[in-house]
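Chain nomenclature is as follows: A, B and C, assigned in order of appearance, with residue numbering initiated at 1 for each chain independently.
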Amino acid sequence: MEGDALEADDARSGDPQLPAPAPAGWSHRHLLDLDVLTWPDIELVMSTAEEMRDVLDRPIPKVPALRGMSATILFYEASTRTRVSFEVAAKNLSADVVNVAASTSSVSKGESLVDTVRTIDALGADILVIRHPTSGAPYLAAEVFGGHVINGGDGWHAHPTQALLDLFTMRQRLRGGSVAGRKVVILGDVLHSRVARSNIWSLTAAGADLWLCGPSTLLTGFEAWAASGGPAGRRFHVTSSIDDALRDADVVMALRLQRERMASGLLPSLREYAARFGLTAARLAAAAPDVLVMHPGPMNEGVEIAPEVAAGPHSVIADQVTNGVAIRMALLYLLAGGRGAAAPAP
Amino acid sequence: MEGDALEADDARSGDPQLPAPAPAGWSHRHLLDLDVLTWPDIELVMSTAEEMRDVLDRPIPKVPALRGMSATILFYEASTRTRVSFEVAAKNLSADVVNVAASTSSVSKGESLVDTVRTIDALGADILVIRHPTSGAPYLAAEVFGGHVINGGDGWHAHPTQALLDLFTMRQRLRGGSVAGRKVVILGDVLHSRVARSNIWSLTAAGADLWLCGPSTLLTGFEAWAASGGPAGRRFHVTSSIDDALRDADVVMALRLQRERMASGLLPSLREYAARFGLTAARLAAAAPDVLVMHPGPMNEGVEIAPEVAAGPHSVIADQVTNGVAIRMALLYLLAGGRGAAAPAP
Amino acid sequence: MEGDALEADDARSGDPQLPAPAPAGWSHRHLLDLDVLTWPDIELVMSTAEEMRDVLDRPIPKVPALRGMSATILFYEASTRTRVSFEVAAKNLSADVVNVAASTSSVSKGESLVDTVRTIDALGADILVIRHPTSGAPYLAAEVFGGHVINGGDGWHAHPTQALLDLFTMRQRLRGGSVAGRKVVILGDVLHSRVARSNIWSLTAAGADLWLCGPSTLLTGFEAWAASGGPAGRRFHVTSSIDDALRDADVVMALRLQRERMASGLLPSLREYAARFGLTAARLAAAAPDVLVMHPGPMNEGVEIAPEVAAGPHSVIADQVTNGVAIRMALLYLLAGGRGAAAPAP
């Protein structure tokens, strides 16, 4: 072949800046769930995300840390927020991004997911972000993928990056910068929520006084879990009394109520749900004066949260979204930043 | 964090080339409709688009003007042409582009659009291009978005970038470089056309002798508007006589006839419409010898326009598409080019 | 316009590295089918793909060969594998990529495809990769597109990049590096397979001892073609005896069985098909000891191929995927690499 058109792209070669190896102390190849992270791991994610927030505040919020790496975002469920958040995070780190929107209709067996993941691996992806309606699917992906797998939400099981961005947002916005001993309420459809499950893990680990609140039909099993000790013996509260839950609360996180829950007979009507468990300004008055209002989005305004609360002075919902980019940049950097032969010579 | 992987991406820092501030005289943050543009504004768009056409003629049609900026293209209606045109325009200016294709089925209330736009803002987008089936939706988006909003078409209301590229194409291809006093015909389904509405504004402002022509059922309300003085008192003609309209016309712009108009009883049949209002070579013979044939696309060839006219010597339809990229580059540059702290130090 | 924001992007200008002109000897503007390639053309694709494999093995698998060029990937059929393969290949060569997923529902006439392709041309695309359910559609596209067209699969007609990556994989993995005289079996639904048709052309040209095997209802017409001499008088075998086909085979390529074949009455049941023609470990034992197992994907594991064979020691299915990126990089480079004014001055 003539010429030098196939010479190495030298924008990174010989540049001592990039990519730096990941910080010492990070030992995880994948992020599938929070339950394998130690507390120092979580602190490392938080401090790395703080650096990423600084990057986001620059005029050009881009760093070359993952230049030349390729991330594939494979989503088997519709998503704007989380999909775009990962895409922006990867591009901010200068990775190439490929989007694959898969319909579950074409996936009738577990083997097909494995086949798809093997293909993405062979196509050269270094990082796979996967969202799947089946709990555990990211574990299956991690078994066959040669690079790094990040769970972008699997069934009712886990949504670890959401819980990390929630924790980051609370620490950033709570006085004192810690959730230890603070009363945090997760309100609504806990039963079907991977966001709730992941937050139970991280918030009890962080020492929060955690309360789950909702109709009893949407808390099935959680009371027994709480009674038997909670995750790793860390306790939390379960109640259907929204008054008990909100009283002096430091943080209230409303969960999305999916309308299909009505069809399954778990709830009588949206109207009744909103009347009994909707987060209104009147109810919020019982919480601490500087309570934080959170929501993982997308919101059903007027159902689980009143519009004036969502847009009110206590709301940190937009911070959650921005912090989501920072958290995902931090995780991508920790997982993949030190990988590959492009690390600088010692 | 070790190393310098998070140092500023220096491909732009210290480079005096980029981005230059937007030209003096441009004062608009958004482009939602043409009615707020002054004539000098429109001239500035035209002259900037001419520079962008020069960029497009280069071997590498890219400039770094928006490097480090992020544009999100949020389309609630299917579109290839306009969506890709904005994507190419933004990439030619070195912006990062995120595509979000939203189905209206997930948007049952105005609040949901607001929630989506707030999220895109919090995800770090600097520019939002929105297409929505509801007239006025871009105004709602602009109320909550922190950056720049461009209307990519809203309901029947407006399609300002289309009208600007149409005007640019006419000036480029008409002898004398001006539409003032030239007979311009918009032919077809004027009633449902945001393209027509935006062109009425810009073409009357430019002093064209504007004629709207179509079946009376597809002109409802326009005759009254014309009789009452037209936009800002600028007059235009309305007729159902295609002979009157085409006689000595300098420009004929055929509009797409949407097949669902038949179902609503506004037209008897496609065949009859094509027979009475289709732009054929025979009819075009009545126009000026160097008449320009335009169409915003996509075309129903054989319905509103005959294939041999669409591909014939008078057609400037391909120019419209290429000029669309130049116009959108110009608007992106004018709206966002001078923004941010990356402007060169004085 | 003030400043220099519209100066040429100088990352490539003045750089003698890129893009080099395409190698001497390549004279094709498009790749629509294999039947116009000479054997030296194919050898040139193979040797170029070897260089691309070397690029893929680098820490940063990117070269600037097509920097500033724009590739549009227009797929009228669902595809993950081939679409992403082209996207990764083009990005590895530093081209910009635009994805357009078209539904055939919006394409009721050939004119619409032409209109779409003309639009993509006018939007500035240099390269068009098209997949379409209608055989011959890429030829129609090539008639109106100003740049380079690559057939990404058209109806039952051809899938030339797949056949080239299959040939490359065989030469890479067969002892001796040649398919000449080696027994190659294509197994399954030959009738509906563009992969089979393209492979018949290239494998007979390469001198393979080619066998097509499947139920007689899925071989209709191929026996007559074989009897009448095969492509360009090059012979191949057709049989419904899987024992005859697999005996001492050097390569077995199983084809995807599309489930809708059952509905059309061509097959009694998936179960019976799997029992009679599924590629199992027991059957594979009759092949040569170092037989290669191939599949174009996506697989119906348990139907045309047993999971343990797909993932077994003879499988080179993952190599096919990776080689697909290298082959597509080679073709993009050969077709477009020397084009444009950016070639270095002599």
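By our rule, a residue touches a chain if its C-beta (ideal position, glycine included) is under 8 Å from a C-beta of that chain, and two chains touch if they have at least 3 such contacts.
Computed from a predicted structure; not experimentally measured.
If the chains shown are joined wherever they touch, the resulting network links each chain directly to all the rest.
Of all residue numbers used at the contact between chain B and chain C, under half are used by both chains, marking a mostly different-residue interface.
Mean C-alpha position of chain B lies 38 Å from that of chain C.
Chain contacts: chain A has residues 11 touching two or more partner chains. The touching residues of chain B, when paired with chain A in their complex, are 1-9, 11-13, 67-68, 70, 72, 96, 98, 100, 102, 106, 109, 111-112, 115-116, 118-124, 340-342. Interface residues of chain A, counted against chain B in their complex, comprise 11, 16-21, 23-24, 48, 51-52, 55-56, 58-65, 78, 80-81, 84-85, 87-88, 91-92, 94, 297-299, 301-302, 307, 310, 317-322, 324-325, 333, 337, 344.
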